[in-house]
Amino acid sequence: MSLRPDLDLIVQELADEMRRRPDRGEVATYIPELARVDPSAFGMVVIDGDGRVSAGGDSDMPFSIQSVSKVFTLTLALGKAGDRLWRRVGREPSGSPFNSIVQLEREHGVPRNPFINAGAIAVTDAIVSGHQPREALGEILRFMQFLADDDTITIDEAVAASEQRTGFRNAALANYMKSFGVIENPVDYTLGVYFHHCAIAMSCRQLAMAGRFLAHSGVQPSTGRSVVTAERARRINAIMLTCGHYDGSGDFAYRVGLPGKSGVGGGILAVAPGKASIAVWSPGLDASGNSHLGRIALEALVKRTGWSIFGV
Amino acid sequence: MSLRPDLDLIVQELADEMRRRPDRGEVATYIPELARVDPSAFGMVVIDGDGRVSAGGDSDMPFSIQSVSKVFTLTLALGKAGDRLWRRVGREPSGSPFNSIVQLEREHGVPRNPFINAGAIAVTDAIVSGHQPREALGEILRFMQFLADDDTITIDEAVAASEQRTGFRNAALANYMKSFGVIENPVDYTLGVYFHHCAIAMSCRQLAMAGRFLAHSGVQPSTGRSVVTAERARRINAIMLTCGHYDGSGDFAYRVGLPGKSGVGGGILAVAPGKASIAVWSPGLDASGNSHLGRIALEALVKRTGWSIFGV
Amino acid sequence: MSLRPDLDLIVQELADEMRRRPDRGEVATYIPELARVDPSAFGMVVIDGDGRVSAGGDSDMPFSIQSVSKVFTLTLALGKAGDRLWRRVGREPSGSPFNSIVQLEREHGVPRNPFINAGAIAVTDAIVSGHQPREALGEILRFMQFLADDDTITIDEAVAASEQRTGFRNAALANYMKSFGVIENPVDYTLGVYFHHCAIAMSCRQLAMAGRFLAHSGVQPSTGRSVVTAERARRINAIMLTCGHYDGSGDFAYRVGLPGKSGVGGGILAVAPGKASIAVWSPGLDASGNSHLGRIALEALVKRTGWSIFGV
Amino acid sequence: MSLRPDLDLIVQELADEMRRRPDRGEVATYIPELARVDPSAFGMVVIDGDGRVSAGGDSDMPFSIQSVSKVFTLTLALGKAGDRLWRRVGREPSGSPFNSIVQLEREHGVPRNPFINAGAIAVTDAIVSGHQPREALGEILRFMQFLADDDTITIDEAVAASEQRTGFRNAALANYMKSFGVIENPVDYTLGVYFHHCAIAMSCRQLAMAGRFLAHSGVQPSTGRSVVTAERARRINAIMLTCGHYDGSGDFAYRVGLPGKSGVGGGILAVAPGKASIAVWSPGLDASGNSHLGRIALEALVKRTGWSIFGV
């Protein structure tokens, strides 16, 4: 490991290696739009503190970011509600699958963290906060465009419509929380916004751009603008580390050693604090619902760069 | 925050501040030996990579390390069993209290991680591994003495006897795992070793000494001897971060931002990778069973030193 | 106990005794319509095999039958679907509160029995079965009117509207089952019918009339018409015995010894096979959500009549 | 169905029918003594109120009564402790498998009913109650011999030894309850007595003899001696009905309609209140751990006799 690793080379090598691997995991099939995605796709982008972009594979192909959006809605909601947000969502790992409702009963409707589905719905509700769904969704989308410095980012309406049509389990979670007063807006409003922000389509390049502030003390390095305080950036990273990969979060920390958030579309946003913002995408998922090759590529990247937050 | 913080000053200031605080949490009372400990005690020791020791408060007073011992038994067991250890214990946060048995039923006797009681008992069983309890316990104690470079470390037999006399819940966990074949030795053997290694008494100074290899890529800096590989040190740190504070692990990561392991005796071992090994002790516990002032002192230390693993 | 107990006397004595008792339980308050009910109300009606009606207290005052309706929707649904109904609902006691969602996760969306809320919603869905909600509801209401031989029975629309406005937990259950395919109709349809049949208002007299077929081998004694087969009547009674009082079913069997179904409005329908159909109403509930004085009155009735199914 | 069914004929026909059936369930294999039992065995004995014995099949072959013993230990414990027994064991159906520990955590160490393993261990503890295990066990055995009017009934020591050697899950349950103070004697004492009373060997004839008092208001018809009050007999029957077949209790009530208690050795004791005491034995078990052919034979017996407690 050199002090300044040749990131271009590493990323391209990794993209090549990943493309050759026979094991790819299973593409999500619960909606047709995800089921149709090419399982052989793989993209990776690393953006360091100087703004240098190292890209490999399908780095400009947009994909459904799904739960990766939850990092950004958490950031937005904390900006609006501050620490009051923690009254309606915890920040402990769940020890359960992403869509479990058991924990909600034990803890009286308060989801354990912002990254399981129930918690992300509660966070979305804090963004809706009395507004019309359209306005809340516009705010989320503009925030993503601002962070990625790219106005072309959009919502895949076909994905959103499919999610809404089949999202009975999320409707169960939302209604359950509503019965405890944890959801304040009409369930339909909050769910509508939730399904749509999960349907945002982005490329690895756009996603890595959007994640830069988390790697750099809350500041967008290209503009010097502060998105959040340094403390809040650290705290969001901490939540990503402990809760970002559902019931595979411990394993991701153990193997990769970076804060990260995965989505069922196969994307992962990872943060090397002080060093880089990283996005990787491969649609095949492992048993915990996280990108199989995405995790493997990140593990290899960290090994070659020495970026683990747990020591060199 | 300076590049080289004046650790002596910071640690002494923190010890003074902590002693003045009125909120101290609740001392564990389930055995008389712990219930008798002075709730106003507070000690802290930071040892940096050059071996400089910064100490404050009751830094040389021995206390019952309890679950902090689980970091070291995990290290030992990995040395013996290697990755085979993961067949009988997971490494995911539990989402449950430290002594819950519910998860064991759902996951067929395999505890979620090495730091909840069930997992630590399974790890102890891997150390016993066909030996007599006395031999296994001797090996654990010598390992602690070696790591701390201090032959005076001993087991508090009164604590061990009390634990054994009242440890029905741990006996339940062990028998339950035995019914699934996860415990291989006689339940009494494994429990005996477990209760005794939790009863090791150490001071903050000794504990911080023992933890140095985790901060320095697996190497004991004073002797240059490798205790574990750099990768294993990182991985143990990762497990400490995600699972080291029971059902308060997410909160500890969020507030403190360092890998750490707490014990019901009020001790916490924390690791600032590449920077320092830290031990803190204050007997009063918070609702999750972790040292109340210990956590607060670590949060303040990290704020003043900028040592969070999640960014400056 | 005489061979032919003087039911008129017993029922009137019981009504008097119950009215004098200071302990009345707690009236349900989750909707204003129930919260407003007079807690001192008490009514009881016993109809024997010869059609003699013994009435005491507020025996003609209508109340919200709530979950007592589930006995009749189960009867209707079995008539439509036969044993196929058991593919989507079990018949085991639940060991959980009436509105628990935990069990649904463990058993993949199949509720344990037709009398917990989830199970009753699944049963209602089998009645809706492709029809418009209005038609399904009309069928249920006409069935009640037929059984009670009383066309004046109606639905309390204010209760139904309140239930619908606040029924987020039932909406959670329904959506959850829908996600497993256990609910076939649109969730809104099924829930609408469910909330309305729970809002049927009946007096003890009407309710005891409606329950006669369960006491008499499936036959309505006054007309000689067979409502269900003798075997089905026995089986519905069996489910009432094991599941009819939520998580207080074991206690009801232990103390009273008759098949019975309670509702949160304070009504209980009980069946003495071969002897009598019994309805009792007192709005105050015990900790399990069953009528406090209703249960006590039934216990006393059985003691004086020797009607326990578990022996004289 | 005649008023006086020809029980001799019915029982012999049933024994013949059952022997010809190809479906026999699965014999328990967790200890070699049970695994060795001939799966084609079938026995049935019905004893009516006049003491007439109708026997069919292997009605005099002794088998391991296992959990059927829990009816008798409950009877004994109620005799000793009275209603104080209900402080440490509930009487609600469990909604869980017979050896689940999950419920114990939720309900602070108090088992839900006397017939799941945890509850039966707590009941056994009430019998031990300060005595030496040998004395307690002697009392239980003498009680069985008295009820069956047969001094030859013994404990199968090989079965008891096997249970004890492999009974880690029961040891987990007992230790868990001990941690909540629900078990008062040394865990080893209580477990020893428990394993031994489950290892009592009896034939259908002996078991049906022993159960007579439950069918006849607490009185042993042959001697006229009162074993328990009529009320207690009814209440024990009620608990058998709601909890006697583990997580198949609802189904047994639905299909058979008699109070009954099954054991993993393939025996079932059933009670037709006021009519008969019935024992049936066939070693093959269904998915809930209850005798497959035993349940089917009882269902047929009740159909032919009209003895269902839920109506003719």
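We call the chains A, B, C and D, going by the order they appear; numbering starts again at 1 in every chain.
FYI, contacts are C-beta pairs under 8 Å (C-beta built on N, C-alpha and C of every residue); 3 or more make two chains touch, one makes a residue touch a chain.
Owing to the predicted nature of the structure, the values given are computational and were not obtained by experimental measurement.
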Third chains touching both chain C and chain A: none
Distance between the centres, which are taken as Cα means, of chain D and chain C, whole angstrom: 32
Averaged-CA centre spacing for the pair chain C and chain B, given as whole angstrom: 55
Rounded Å distance, chain B centre to chain D centre (Cα mean): 48
Multi-chain contact sites of chain C, meaning residues that touch two or more partners: none
Chain-to-chain touches, reported pairwise for every pair that qualifies: A-B, A-C, B-D, C-D
In the complex, chain D residues that touch chain C: 90-96, 103, 112-113, 214-217, 230, 233-235, 237-239, 241-243, 247-251, 253-254, 257, 259, 273-274, 308-312
Chain B-touching residues of chain D, taken from the complex the two chains share: 100-102, 104-106, 168-169, 171-176, 178-179, 187
